[in-house]
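Okay, got some structures for you below.
Okay, so subunit A shows up in both of these, paired with subunit B first and subunit C after.
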Partner chain A sequence: MVLLLKNCNAKTIASMLVMGAGQLLYRQWIKGIIYLGVQAAAIIFFISQGALMIRDFITLGTVEGNAWHGTPGDNSVTMLITGLFAIIVLIIYFSLYITNIKDVYETQRLAESGKKIPGFFEELKELSDKKFYKTVLFIPILGVLIFSVLPIVFMILVAFTNFGGETVPPALVDWTGFESFRRVFSLGSFAATFLKILGWNILWAILATAFGYFGGLGLALLFNKKCVKGKAFWRAFPILAFAVPGFISLIGFRFMFAAGGPINQMIVNGGGDVVLFLGLNSTWLSRGIGLLVNTWLTLPTSMLLATGILANMNKDVFEAAGIDGAGPAKQFVSLTLPFVLFATTPVLITNFMLNFNNFGIFFFLRGGFISEGYFLASDTDLLINWLYRLSIDNNYYSLGAVISLVIFLITSIISLDVYLRSDAYKKEDIYR
Partner chain B sequence: MKKRILVPLLVLSTHFLVITGIILGAGRINDEAPAQKIEKFTGVLERDITLRVLENDTALRQGYFEELLNAFNEEYGQYGIRAVDANMDQYLDLENDGPFGFGPDVLYQANDRIMRYALGRHVQPLPIEQLDCYPHIEEKAWDAYKITIDGQDFYLGAPVNIQGPLLFYRKSLLPDPDVLESWNALYKFSLERRENGEFGYMKSLIDAYYSLGFLFSYGGYLYGDNNTDMEDIGLAMGDAERGANVLLKLASVMDERCVDFTITQISYSQFASGNFFATMTTPDVFTLFVDELMAVGYSREEALAEIGIADVPKLPLSGDLTEENPELIPARLMGGVNGFAISSYTNYPNAALAFVDFATSYEMVMLRNEMLGIVPARKDAAENVGELAQTINNNLKEGNIVVMPSLMGQVWTPAETFFTDLANDPFRKIADQKFTTPKSRIDALQKLSDQIYDAIHTLR
Partner chain C sequence: MKKINVKKLFDNGITYLVLLTVSFAFCFPVLWLLLASFSKTGSIYSFDGFFPAEYSLDSFRRLFNDTVMYNYPKWFSNTLLIAVFSCLFGTILVIMTAYTMSRFNFRGRKMLMKITLILGMFPSFMAMTAVYILMTHFNLINQHWGLVLIYSAGAPLGYLVQKGFFDTIPGSIDEAARIDGASGFMIFWKIILPLSAPIIVYTSLTLFAWPWSDFILPRLLLKDRDLYTVAVGLMSLGDDEFSRFSAGAMFIAVPIIILYFGLSKFLISGLASGAVKE
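Moving on, here comes the complex of A and B:
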């Protein structure tokens, strides 16, 4: 950049003031007009709406509406979204502004070195050839920005407001800084509940991922044995379980474990007492059943994945290991597991994240309770369930946003850390 | 060299300043004058318009809504007014959809749902004195839609039908009409049936909508000052623990299925098979009992003759269901008032008001009763549809139906947790039972009140 500032000529400086001016002076008419159009459109947008959107983003509204009197007021949430949009437009504008300067400087250098300055259509052709990756990636990146980044930024912003409770439009929402964070982390029962759920959530994610993964791997290894007859037939069973929609299975399991369900009927018929498997005080029993049911639901995917990977393993390696005296356990730990882990680390991380945010499992299996010592949560709730209760049942949107942010940070940090430490990242070439 | 850098830096800064200036300058020129208040109900009908009306699913399925629309359109077609089905989910999101023009103009909902919109002013206060139904409806029914702001009362809906729990029983299994008079008699009869491997009264006690009433009957209340003061949660007040004791006894003549929603799900079929003698529910599900009886071989007429409907039995003042010849008090159970409201975002308030007036007229309410079996809120209609309708109207008038307040979101989960724990108690080992003494029940009810208070207030 410093080099650019030192060496730029008058035509490049012209583009710094008016976008496209330098390009026009270099007779790059179409490109110059496009850049000029971008600047004109941006100025028109900001004069007509964008500037107001940014102002409203800062104030989040000043006039409260009254629908009874037909007096429209400011909608703080809309202002938050439109303000965010205007800021994104501003960022895009400055990005294009910098691109415009770099582009004209590049042209300046070509002109100074006596090379031919490419025309508009030549540059377009390059976009479908050497710079094809830019053309192809443009739409997905735009999609990610609109559908992933924008909602995340919106959620982060909500965490810094008092949106929720009675403060929902038409009432005006205000920026409250870190107040929602302070409440989540310092408010007696709330903070205690948060820590308890977080602890259980992490344990759940690790156990659920491990059970599903190793259960699937175990089944795949079993079905891979030569002694197993009718492999296709046996493999069909877990696939059938996989084919049934998850929540249908969960409702089925809930019925089976209910006080009046078939399992209890068998217990009673056998002379025993009714067991409240998913009852109010059945903390670890419910958690155990949750793990069991989740394994049932996730195991088929791991099994199919592992079956495919095992089919690609070189059998000679096992033969050689056997000759060297390695038993089946040693072969599994030193050969099979590293090979499968290498190929499936990204899937393992995805499973961990899905399990960490597994909303349905206890929601459908156990329903809603408030457990002793928990604030609006049960002892089987995961953070995502608690988030739902706070946000949907109780309208605490800003506090829900804080918890979302915490979930996002935890899952991102753990996933990145695990991935960066894994062989799948560090030893990418080892199995090639 | 410094001069060479200075010029582009100056130009870059100028560009930055111009853009900043535009944003700061243009951001200040929008201070519009505040909008003027609009008087919506002018009495002048909007012409050549289409009204979007949201009705409940039962009215749609049973064909009543079509009858209502046809009748209204026939009468108001001369003004170019046409009412149509809003064709949207009955659990609409008026606060988010309304301001953007997506909601209905007129909506039929329960009072708690309509009053949820009160704070945000999403439904329009009605000039109720202008409605034909106004003098024919009890003040208590109107109160379900009342909100007081700065000392002034506003009414956000026009009552159509009253929802109150009733006892549904099998007439052929009834040994003696006295069984229906008190919970003590019903409890005793239920015990007898249990000895034969059958059930008497059955209900999912986790269902807070019904179970809360047992606490109300003995002086407990949800919110103070007629369910308006949310600082005062009184579920442990009065002798509410006696209500909890009644529920404990009722659980003991059922089985473990009363701790979850299993009984609610199977009650219609078990009622039809004769395994359950009675259950408590609202009149709008009457057709489900008929359907299940027909499924086991009854003709429609036989099914209608077999289903007995009675007012909820009286409770013993002592809260002891085993007491012989107890002093009885009326049960005060949760209920509601369903009615029509007008969206604040409608462009046709006068036509919408005409629709509400039409839909709450005597003829349409009678037709609604005939087709849907609802209990009319209009006294003149209730008088003509039978004793039960008058009983329910009377229950509302006497305060034996506690109209459900709008803020229930923070009540359901704590209440269901408490009732689950309570209903579990008879099935625990004696040493593990939690609710055997009045003090233990009072403490649990106080904890329930605290949980509801915390849910509402802690994070505000």
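Moving on, here comes the complex of A and C:
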């Protein structure tokens, strides 16, 4: 960049002032006009709307709507999101501006060293060859930017406002700094609920991941045993369970454990009393059932994965170990397990995160209780369920946003830490 | 010699006992739902223990004919439309992204990979409100194309498994083709794509199954009963409609089951080859 500033000539400076000017001076007509068009479009956009959008983003509206007088007023939430949109446009404009300067400087150097300046169509051809990645990545990046990055940034910003509860449009929303964080962490009912749910959520994620993972590995080893005939047949049963969409199995299990469901009918017919498996007061019973059902749902995937990985394993090692007198248990601990763990660390992390944020399991299984001592949550709810209830069901958007940030911090710190410590990261080439 | 045989026999016995238990545990709930769909009365309370007292095809008849309250055939075609198009667009985007990230070494590539890793860690609900507001702005509430747009746009974030697959195809193939004068696009189209059948099948299957059984997004974005997808529709069924639920459930589970069984070979190899490397 410094070199560019030191060496640039008049034509390059022209492009710094007006996008595309330098390209036009070098007779690259089409490219110059495109850059010029971008510049014009950006100016028109910011004069007509963009500047206002960014101003509104900072103030979040000043005129409150009045339904009585029929005055529309400002919609703070729309302003927040359109302001973000304008900022993204601004960022895109600046990056185009930089590429414009780099491009013309490139041309300047080609001209100075006496080489031929490529025409528009030659450059277009580059885009399907050496710069193919630019062509390909454009649409995915745009999509991710609009539908993933923009909403996430929006919600991060919402955590610093008082949006939610009574304060939803047409009322005006304001920036309030860390006020929502203070409410979640120090206000009696919030803080208590938060800590209780957090503790259960961590325990749940660890247990659910371990059950699913080692269960799947165990199944794969079982199906791989030499004495098992008709492996494909036996493997079909877990795949059957895998293929049924998750929410159907979950609702099915809910019916099965319901107060009037088949299990209770059998208990009653046998002379027992009805057991409220998933009832209001059966905290640990519902948690246990949740764990069981979740294992049922996740075992098939991890079994398939472990099967695939075991198939990649070098069989000679086992024979050698057998000759040296290592029993099956020893072989498992010192040969199979390290290999599988190495190969699946990323999957293990993904599973941990999926379980940590497992929305479906208790949402479908247990429905919408509110337990005693919890603020708008039940004792099996995970943070993600609480988040859903707070923001989608009850409009507590800013508090929900704070909780999302906490979830994000926890999951990213844990998974980064595990990943950085793992062999999969440290010794990338060990099995290659 | 005889002692070893006894031990082996015992081992075999235990193995098969475990196999039977496992198979039963996985088979039973599915079987239970299947039989419940043939129940005559429809309510779960009339069952004799686990299974219906009387069997008939009534719930299936009602599922397709009694469409005033619950228009199942319409829900089904809605879901099919959304899932097919999301799968199509999503697969194209994921495969292209993964291929590029695996083969091209450009500035900012590592950075891009780290950013996607971090983006994946945000809980997806966090963005729901914002997505809702965005969709209202684009006028895509109550529109199936809105869902297709979100599913396809979100798909490329999950490119890591596919990238792992492309990493296992040796780079020397590309170089040979490049020497013969093939362009970047030609190499992808003529050489890499035919080699990547397993991962394409794996990707399209997962991307089909996601909208097919997703519940939260359609519930948020589709307001009219006739626009519902099957998942939202089935959730809206009353408590006394258990057999209608299970009959409906059979119809959405069956296509997926057939697909999975038909393609399970691809599935396993795709999953495994993608996962071994980072």
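As a working rule, the second predicted complex is superposed on the first by the 419 of 432 C-alpha atoms of A that agree within 3 Å, B and C clash if a C-alpha of one lies under 4 Å from a C-alpha of the other, contacts with A are read in each partner's own complex, and residues count from 1 in each chain.
What we mean here is this: contacts are C-beta pairs under 8 Å (C-beta built on N, C-alpha and C of every residue); 3 or more make two chains touch, one makes a residue touch a chain.
Please read all numbers here as calculations on a predicted model, not as lab measurements.
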Task: Scan A:F375 for contacts with subunit B and subunit C and give back first, second, both or neither.
output: first
- prompt: Where does A:A329 make contact in the superposed view: on subunit B (first), on subunit C (second), on both, or on neither?
  reply: neither
- prompt: Thinking of the overlay built on chain A, is A:A259 touched by subunit B (first), by subunit C (second), by both, or by neither?
  reply: first
Task: Could you look at A:Y133 and tell me whether it touches subunit B, subunit C, both or neither (first, second, both, neither)?
output: second
Query: Given the touch rule stated above, what does A:I251 touch, subunit B (first), subunit C (second), both, or neither?
result: second
- prompt: Of subunit B and subunit C, which one touches more of subunit A's residues?
  reply: C
Task: Considering only touches as defined above, state whether A:L187 meets subunit B (first), subunit C (second), both or neither.
output: first
Query: After lining up the shared chain so the two structures overlap, which partner does A:Y97 touch, if you call subunit B first and subunit C second: first, second, both or neither?
result: first
Message: From the superposed pair, tell me which subunit A residues show up as contacts to subunit B and also as contacts to subunit C.
response: 258, 260-261
- prompt: Given the complex with subunit A, which residues does subunit B contribute to the contact?
  reply: 1, 4-5, 7-9, 11-12, 14-15, 19, 22-28, 30, 34-38, 40, 95, 98-99, 119-122, 124-125, 255-257, 259-260, 262, 344-345, 409-410, 412-414, 416-417, 420-421, 424, 427, 451, 454-455, 458-460
Field: Residue numbers on subunit A that touch subunit C, as the complex places them
entry: 77-78, 81-82, 125, 128-130, 132-133, 136-137, 139-140, 143-144, 146-152, 154-155, 158, 219, 222, 225, 227-228, 234, 236-249, 251-253, 255-256, 258, 260-262, 265-266, 269, 296, 300, 304-305, 307-309, 311-312, 343-344, 346-347, 353, 357, 359-360, 384, 387-388, 391-392, 397, 400-401, 404, 407-408, 411-412, 415, 424-425, 428, 431
Field: Residues on subunit A engaged by subunit B in the complex (per definition of touch)
entry: 2, 4-8, 12-13, 16-17, 43, 46-48, 50-52, 54-55, 63, 65-72, 75, 90, 93, 97, 164-166, 168-171, 183, 187, 189-190, 258-261, 264, 274, 276, 279-280, 367-371, 375-376, 389-390, 393-396, 399
Task: Could you please specify the touching residues of subunit C with respect to subunit A in the complex?
output: 8, 11-12, 15-16, 18-19, 22-23, 25-27, 29-30, 32-33, 44-45, 47, 49-51, 93, 96-97, 99-100, 104, 106, 116, 118-131, 133-134, 137, 149-150, 152-154, 156-157, 160, 183-185, 188, 209, 212-213, 215-216, 220, 231, 234-235, 242, 245-246, 249, 252-253, 256-257, 259-261, 264, 267-269, 271-273, 275-276, 278
